[in-house]
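As written, the chain order gives the labels A, B, C, D, E, F, G and H, with residue 1 at the start of each chain.
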Amino acid sequence: MADLGFARVDLDREARTGDPEVVYGAGKTPEQVAAILTALHAKHPERAVLATRLSPEAMAAARAVGAEVHEVARAATLGPTPEHHGRVGIISAGTSDAPVAAEAALTVATHGAAPVEIRDVGVAGLHRLLAVRDELATLDCVIVVAGMEGALPSVVGGLIGVPLIAVPTSVGYGASFGGLAALLGMLNSCAPGITVVNIDNGYGAGVAAARIVRVSQRVSERLSERDATGR
Amino acid sequence: MADLGFARVDLDREARTGDPEVVYGAGKTPEQVAAILTALHAKHPERAVLATRLSPEAMAAARAVGAEVHEVARAATLGPTPEHHGRVGIISAGTSDAPVAAEAALTVATHGAAPVEIRDVGVAGLHRLLAVRDELATLDCVIVVAGMEGALPSVVGGLIGVPLIAVPTSVGYGASFGGLAALLGMLNSCAPGITVVNIDNGYGAGVAAARIVRVSQRVSERLSERDATGR
Amino acid sequence: MADLGFARVDLDREARTGDPEVVYGAGKTPEQVAAILTALHAKHPERAVLATRLSPEAMAAARAVGAEVHEVARAATLGPTPEHHGRVGIISAGTSDAPVAAEAALTVATHGAAPVEIRDVGVAGLHRLLAVRDELATLDCVIVVAGMEGALPSVVGGLIGVPLIAVPTSVGYGASFGGLAALLGMLNSCAPGITVVNIDNGYGAGVAAARIVRVSQRVSERLSERDATGR
Amino acid sequence: MADLGFARVDLDREARTGDPEVVYGAGKTPEQVAAILTALHAKHPERAVLATRLSPEAMAAARAVGAEVHEVARAATLGPTPEHHGRVGIISAGTSDAPVAAEAALTVATHGAAPVEIRDVGVAGLHRLLAVRDELATLDCVIVVAGMEGALPSVVGGLIGVPLIAVPTSVGYGASFGGLAALLGMLNSCAPGITVVNIDNGYGAGVAAARIVRVSQRVSERLSERDATGR
Amino acid sequence: MADLGFARVDLDREARTGDPEVVYGAGKTPEQVAAILTALHAKHPERAVLATRLSPEAMAAARAVGAEVHEVARAATLGPTPEHHGRVGIISAGTSDAPVAAEAALTVATHGAAPVEIRDVGVAGLHRLLAVRDELATLDCVIVVAGMEGALPSVVGGLIGVPLIAVPTSVGYGASFGGLAALLGMLNSCAPGITVVNIDNGYGAGVAAARIVRVSQRVSERLSERDATGR
Amino acid sequence: MADLGFARVDLDREARTGDPEVVYGAGKTPEQVAAILTALHAKHPERAVLATRLSPEAMAAARAVGAEVHEVARAATLGPTPEHHGRVGIISAGTSDAPVAAEAALTVATHGAAPVEIRDVGVAGLHRLLAVRDELATLDCVIVVAGMEGALPSVVGGLIGVPLIAVPTSVGYGASFGGLAALLGMLNSCAPGITVVNIDNGYGAGVAAARIVRVSQRVSERLSERDATGR
Amino acid sequence: MADLGFARVDLDREARTGDPEVVYGAGKTPEQVAAILTALHAKHPERAVLATRLSPEAMAAARAVGAEVHEVARAATLGPTPEHHGRVGIISAGTSDAPVAAEAALTVATHGAAPVEIRDVGVAGLHRLLAVRDELATLDCVIVVAGMEGALPSVVGGLIGVPLIAVPTSVGYGASFGGLAALLGMLNSCAPGITVVNIDNGYGAGVAAARIVRVSQRVSERLSERDATGR
Amino acid sequence: MADLGFARVDLDREARTGDPEVVYGAGKTPEQVAAILTALHAKHPERAVLATRLSPEAMAAARAVGAEVHEVARAATLGPTPEHHGRVGIISAGTSDAPVAAEAALTVATHGAAPVEIRDVGVAGLHRLLAVRDELATLDCVIVVAGMEGALPSVVGGLIGVPLIAVPTSVGYGASFGGLAALLGMLNSCAPGITVVNIDNGYGAGVAAARIVRVSQRVSERLSERDATGR
C-alpha cells in the first residue's frame, strides 16, 4: 500500500481479485486523480489503470500525465490495454444512456474482454433489436443499459441464454425518480437469469462481465488440464 | 336517486356520462350487492348492469337474483349486453394477470365495445407477440395488462398507432412492492401515447377504452351529418 | 434511418404508427436539435416536425433553421401544421401549469387535432369550471393538467363522458414531492374512465389524445364504407 | 390518577384541556375497555366518556356495563351527552368512509358541539355537493372525510369560509398505498385554510372541531364581559 | 375577475370566503407580483393585500409600488392592516424556522387576528416552554412551527385546550428528507386536537387560524342576537 | 460451536464480546427454542441465557425445560441473573409500548445492569415526566421507548446528560407507516447525544445500554489500577 | 406449446435459451402444478423439470405424480438431474435465509452446475467466514444470500475474484421494510463486480449462476476447437 | 441566556447536561457564527466552544476572532481543549467519509475524550481491518462512519464488546438515495449493541461517545466513594 498523503492506495488488488487497479474520480481533485493514476501505473506498468467519473478538469489532468481520455465514458486509462478473451455485448437504447454504456464498455476492455457495443435498440422499436439477433448469438455475456422504464433487459433476456447484467440509468423525468423506475423494472424482470447493478453503475457491470469471461477461461484451462492428464 | 337505506344509488349516470350503472363490490355485503343490482336493473332493464370485485359469496347472491356470474373476472352482470361497436384488444402476459384482464374485457363488453382477448404474450417471449401482429392491426384501441416489470405496454406500443391503456397489476413479489414497479415502468414508457390506470384497475381501463370507441361513433355521426347536410 | 453521427434518426415513424416525427430536446445540444429538425423536415416536408423540452439556446437554434418557436411550450415546429380533425380540450388550473398545458396543446395540433385551451378553472373555484360546461360538451377528448393535489381530473371527469387524460405536474412544494401527490391523486380518481401519464408529460398526453381522435376517423371511415357497400 | 393494575388512568384531563375522558380501544381487551369506561364514568358521571376503535367483543363488553354502543362508529359512550354549542358539518363521499365519518361525528357530539352529517357528495358528482350549499353556509366548522384521491376538501374549501379539517381515509387500493394518496392530496390542497389529520383519524378531527367551537364560546364570553363591564 | 394578460385575477375572494386577496409569489416575475398587487389594491383599497414567497427582486418591486416589505417573512403587504380580533400564538423552536413562523404571523395579521410570536422554545429545553405557560393560557388559537423531528406540537398540545395547527418545516438534513420526518411526526402526534398543514406552509396555517378566530366572532354575534331577542 | 442438526450454536460469544448467549425466537419452533436454551445453559450454567420474541407456544416449551418466562417481554431466561452494576432507566409512554420496554429491561438485567422502569410519561402530559426528574438524575444510561411521533427522547434528552438510546416502536396507525414516523423523529432529534436502534428492537437497546455500563466498570478498574500503582 | 386448458405451456424453452423448463408455483393450485410438471416431463423425460414456490399441498401433489420434493427449498423436481459442470457456492448467514439458499442451490443443480452450500457465515462473526477461505478459492461462481442489512456480499466480494450474485432476503423486521434494506445495501456494495437479483429470488440467482458456468463451457469448447483446428 | 439580537444564546448548557456550548453553523452568516463563538467564549473561557458545519467564509470569520479552524471537519474551536478521559475510536472506510469522521473526532475531543482515528478499513478489504484488531481492543467506545452500503459497523461490531455508534454518510450515488441505504443497513445490523445517528451526523455521534466515557467516570467515582466509605 502506498501513502500519497491524501490517500493510502491499494497496490495489490489484482493479486487478490484478478481485477486491475481503478481510480474512482468522483469527489477527487484533478491533481489527486493524476497523482493516483501515476502511482498505480508506476507499480503496474504492464496493464492499463482505469479512472472513472472524471470531471472535464480531471480529464485534462489525466491527459497531462500521459493517460488516454475517453470523453463519452468520462474516463481515462494509463497503460496498455490487456489482451481480450471473450466477447461482451453492451446494448443500449437511447443516446442519453451513452455515457453509462461507454463506461461499461471501457471497463470491459481494461478488464480483459472484448466489448461489442450495440446502440439504439429500444423496446419501442423491436425491428431494430430483431435486426441484431445474429450478432447477439455470438456474445459470451451481455450488459443491457436502459433508463426510463428499463424494459430492454426483459426483451433481450428472452432472446439469449448467456448471462445478462442489467444497468438502470438515471435517464428520465417525473416518476422515474432518478432511475428508481428502471431499477425496479429490472429487478422484477420476468426473463430469468438477469442480474442488476446500481443506477448508472456501468463500471460495476463491466467488472462483473469481465469476471464472467475470466472464469470461463479458468474453467477452460481446468478442462484442458483434465484432457492432458487423461482424467 | 334511490335510497336503499344503506346507500343512495345513482340512477342517472348514463344520462350524464353515457356509461351504464356499476356496483363496486369491495366492502359491500352479498345482500347489498344483490339489492343494488336489482334496483339498478329495475330502473334500466334494457342494458346490463355490472358488479365488480365480488367475493364468492357475493357472486352467489348475484346469481340468486338472476345475474350472470363471470368467475375469472370476479364480476356479475344483470340485463342484456349492449350492441358492440369497435374492437378493443385486451393483451396480457401471465396467467396471474387473468382476473384483471377479464375484468377489463367484461367492462368493455358491458360498455358497448367488442373485447378481443390476447393472452400469454410476455416480453420475454417476443415470438408470441410477433405472431399476433396482424390481429393487433385490426383493433381500435388496446388495453395491456402486466405485472412484475410492466414492460409489455412499451413493446406493444411500438407496434401500433391506436390508443393504448396500460394496466399495472399487483402480480410479483419482493421489489415489485405491490405493483409499484409495474406502475412506474408504465408511466415511464419510452413508447409515446401510452396512458396508465391504477394498479389492478381493469374496470377503469375498460371504461376508458369504451369511451374511446364511443367518441369514435360520435365523430362518425357528426361526419355523416355533414355529408347529409352537404357541409 | 439516417445517421447524423451523434444519432441514428428514425425517418419512418409515421408509416409505422401514424404519428409525426418528434425531437426530444432534453440532453441535446442546440446544434443537435437544429440538425435533427432539419434532417427530419427534409424527409417529411409536407408535415410539421415537433421539437420539445428546448432550452432558450435550443429555441434560438431552431428559429435559425426556420422553425416556428412556441415560447410557453418550450417547443418548436418546422413545416406546415396538418389539417385538424376533432376537438381536444386542454384544461388547466394554475398559471404555473401553463408550460405543460401548452406542450400538450401544441402536440395535439401537430398530431392532427384541434386544441381548445381552457385555463384558470381550479377546483377551489368551482364557479369557473361550471361556467364552461357548455364548451366541455363540444369536445371529443379532454386533457386535464394539474399540479399540487391533482384534483381537477376527478371534478371534470364527473361532468363529461368522453375520454379524459390526466397530466400531473411538478408544480407544488413540500409534500407534493415533485408531482408525486398529483400523480397519486389522479391514479386514485373516483371518476371512472380517467387515464394518466407521467409527471409533466404534456407531450405524451397530446399524442394519446390525437390518437383517440385519429381512431375516431378510422372508425368513421369504416362505418362509411359499410354504408356504401350496404352492409 | 387511578391505577387499574394494567393502566394508570388519567382522571383530570378535562381540567387541563377542557376535553372529556376517552378510551382508545385498539390493543385493549374487552375487559380492559369495560373497566376503564366504568372507572372514568364513576369519576365523571355528569358527562359522557367515549371509547373508540372497539372490536365487536369490546362493544359487547361496553354494552354490558351500561354504555351506549355506536355500531358504525365502532365506538361506545357512557354517561349523558353534553349540551351542544355550534354546528360542525361532517361531509363524506363514499359509503366506505362511513366508519371514520361516524367516529368524527360522535366525537364532536361528546365534546360539546352539534354534528351535522352530509353524505354521498363525491367530487365526481358535483350536483350533489352544490345541492347542499345552503346547508354548508350554516356551519361553524367543517370536517371533510375522503379516501382514494382525497379531492373533496379542495372542492368544499372553495365554497366556504369557516375552518375545514380534512380526514384522509385508507379506502382505496393499489396506488392509494393505505391512504397515502389521499393524505398527500389534502396536504397539497390549493384551497387555503385546510388543515389535515392522520389517516382514518376521525377522533382527532372531531376533537379539533369541538375545540374550534369551544374557543368561539370563550371569545363570545369575553366579548360579553366587555359589554357588561363597559370596556 | 380582471385580466392582466398573464393572469386572470380573482377580485371577489373575500365575498365568497371572507379571506382577503393574496398573491402567491413563487414562479412569478417581480413585474407580475407588482402588477397583481396594484390591481388587487385598487379593487380593495380598504384592506391589506398580501404577497408571499417573494424573491429579493420581487420584494424590491413590491416596495416600488408602495407596499410594505416584511424581510424575514419574504412577503409584502399593500393597504391598511385590518382590525384584530382574537389572539393567535405562533410558537417556534429554532432560528431556522423564523421565515415560516413570520409568514404565518403576517398572514394572521392580514386576515384579522392578532399574532403573538413566541420563539426559541424547543422541546430539548423544556424550561423555556414552561416559562411561557401563562402566556399560552391567553391565546385563542396556536400555530406551532417546527422542523427536524417536529415534536414541539405534541408538547404544546398537552398544555392547552385551544385549537393547535402544526406547521412542519424543511429545516433539517439527512433523514429529515426535506421535512417529511417533521410532517409524519406531527400527523402521528399523541396529543389530541392537533391538525397539520403542508411543509413550510406558514400561509395556510395563518389562514386557518384566522378563520378559527373569525368563526368565534360569528358565534359570538349569534349568541348576542339570541340574548337580544330573549331566545 | 455445537451442532444441533437444525443450527450450529455459537457457544463462545461471551469470550469474544462479553455479552451472554441469546436465542432469537422469531421463526424458530418451540422445540428448537427449548433445545437451544438447554444446550446454551449446559455450556454456561453460571449465567442466564436469554430467549426473545417467543410465541405463547415457545414460552410454554421454555417453561417446560426449566426457564423463567417473562410474559410481557415475550421472553424467557434460563440460569441465574448476573450481579448488577449501574442503573439503566427504561422510559416509556403508552401501555402499547410495554412489550418492547419489557424486552429492553430484561435484556439489561441479563446483561449485568439494573433496569429501572419508568412508565406512562408521554410528551402530551409533561407533568408526569417532570415528576420523575429526580429519579432520572440517578441513572447511568437511559433507554426511551416510544411509538407514534416518537417525541419522548427529545424531551428526555434535554433533561439529562447521560447516554440516551431511543427505541421507536411500531405502535400507531395510518401515517406511522409501521414505526417509520417514530424512527425518523428520533433520528432527527434536536437534543444532542441521542442514538437510535431499529423499530421494536428492545433487545438491541438493552445490549447497548449494558455495554455502556460495562465499559464504565472497565474504566473504573483502569482508574483503580492507576491509583494502586501510584500513576 | 401445449394447451392444458388453464395454461399454454412453453415446451421449447431449452432450445431457445439452454435453460430447462420450470413451473413457478405461486398462485397455482396443487392440481395445476402436478399437471404442468407431468406435461413438461413427458416432453423432456431426459432432464429434470423444476417446480418452485410450492405450498405444502402442492408439494404433496408433486410427490403423488412421482416428483422428488425438496422441503426446505419449497420445491420439487421430476426427472433426472443433469450432469454437473463447474462449482457454484451458495453462501448464507442465518438459518432464516435457508429456504432462499436451498432454492438457489436446487436451481443450480437442475441447471447443470454443482452447488456447494456454505452456511452460518454472518458478517458479525468474521472468524467463520475466514475459516472457509480455502473453499471459496475453489468456486467458479458465488451466490450470497443475506437478509437484514445485507452486508455479507460486500465482505465475500473482497475475498474473491469470481462472479458474485447477491440475493437479498425478506428476513428482518422494522426498518428492513420487507427486504428493502438488504436490497439497497447490496446494490450499493463497495466491492466491485457484485450483481443483484430481486428479494428472495433464489431461483433467479441460480439460473444466472448456471448460465455463467455454462458460458464457461462454451468458451472452453471454442478454445478446444481452435486447438484442434490449429487456429 | 444572552440576546444577540438575531439569537438568544443558551449559556448554561453545561450546567444542565455536562456538554460544552456548540454553534451549529448551517444557515448562519459568518458574522453570526463569529459573534456567537465570541459570546460563548466570553462566558466560558475555561473550555473550548465548538462551531460545526461552517462554510469557508464562516471558517475565515471564526479564524478572525481567534478560533482554531479544522478544515477537514469544516469546524472551529475557541478556547482550550479539555483534559481527555477514555479513548474513542473513529473508524472510517473511504476518503469521502473523512469530513464526517473528522467532525466526530473533533466533537469527541472538545467533549472530553481522546479520539483515535482509524481510516481506510472498508469491508471489501478485510485484511486492513484485521490488521488493527489489537488497537480496537484498547478503545472504550467506537464510532464507525460509512457510506454506500453501510456494512462496516456490522463487521466491527462482531469484533468488539464496547459500545458502537454507527454514522451513515451521504456518500454514494443512485440507489444510495442520499445515505438512506447506509442508514437502513446500520439499523438492521445483525451485530447486537449497535446504535445509529442521523445521516452525516458526526457531531451527534461524538456527543454520544463522549457521554459514554463521561458516565464511566461517574460510575468510577461512585465506586471509589464506596471503597472509601467502606460500603
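Simple rule for what comes next: contacts are C-beta pairs under 8 Å (C-beta built on N, C-alpha and C of every residue); 3 or more make two chains touch, one makes a residue touch a chain.
The UniProt protein names, listed by chain, are A, B, C, D, E, F, G, H = Nickel pincer cofactor biosynthesis protein LarB.
Here the structure is a predicted model, which means the values were calculated and not measured.
Between the contact lists of chain C and chain D, the overlap consists of B, E.
Ranked by how far their CA centres sit from the centre of chain B, the chains are topped by H. Distance between chain centres (mean CA atoms), chain A to chain G: 24 Å. Once the centre of each chain is set as its mean CA position, chain E and chain F turn out to be 44 Å apart.
One inter-chain figure worth recording: chain E and chain H are separated by 38 Å, centre to centre, where each centre is the mean of the chain's CA atoms. Counting partner chains per residue, chain E shows two or more touched chains at residues 125, 158-159, 174-176, 180, 183, 187-188, 198. Of all possible chain pairs, the ones that touch are A-B, A-C, A-G, A-H, B-C, B-D, B-G, C-D, C-E, D-E, D-F, E-F, E-H, F-G, F-H, G-H.
The touching residues of chain F, when paired with chain E in their complex, are 93-94, 122-126, 130, 148-151, 154-155, 157-159, 172, 174-177, 180-182, 184-192.
On the side of chain F, the complex with chain H involves touching residues 16-19, 22, 85-86, 140-141, 158-165, 183, 187-188, 192-198, 203-205, 207-208, 211-220, 223-224, 227. Of all the residues in chain C, the ones that touch chain A in their complex are 6-8, 10, 26-28, 168, 170, 178-180, 183, 198-201. Across the complex, chain E meets chain H through its residues 95-96, 119-120, 125, 171, 173-176.
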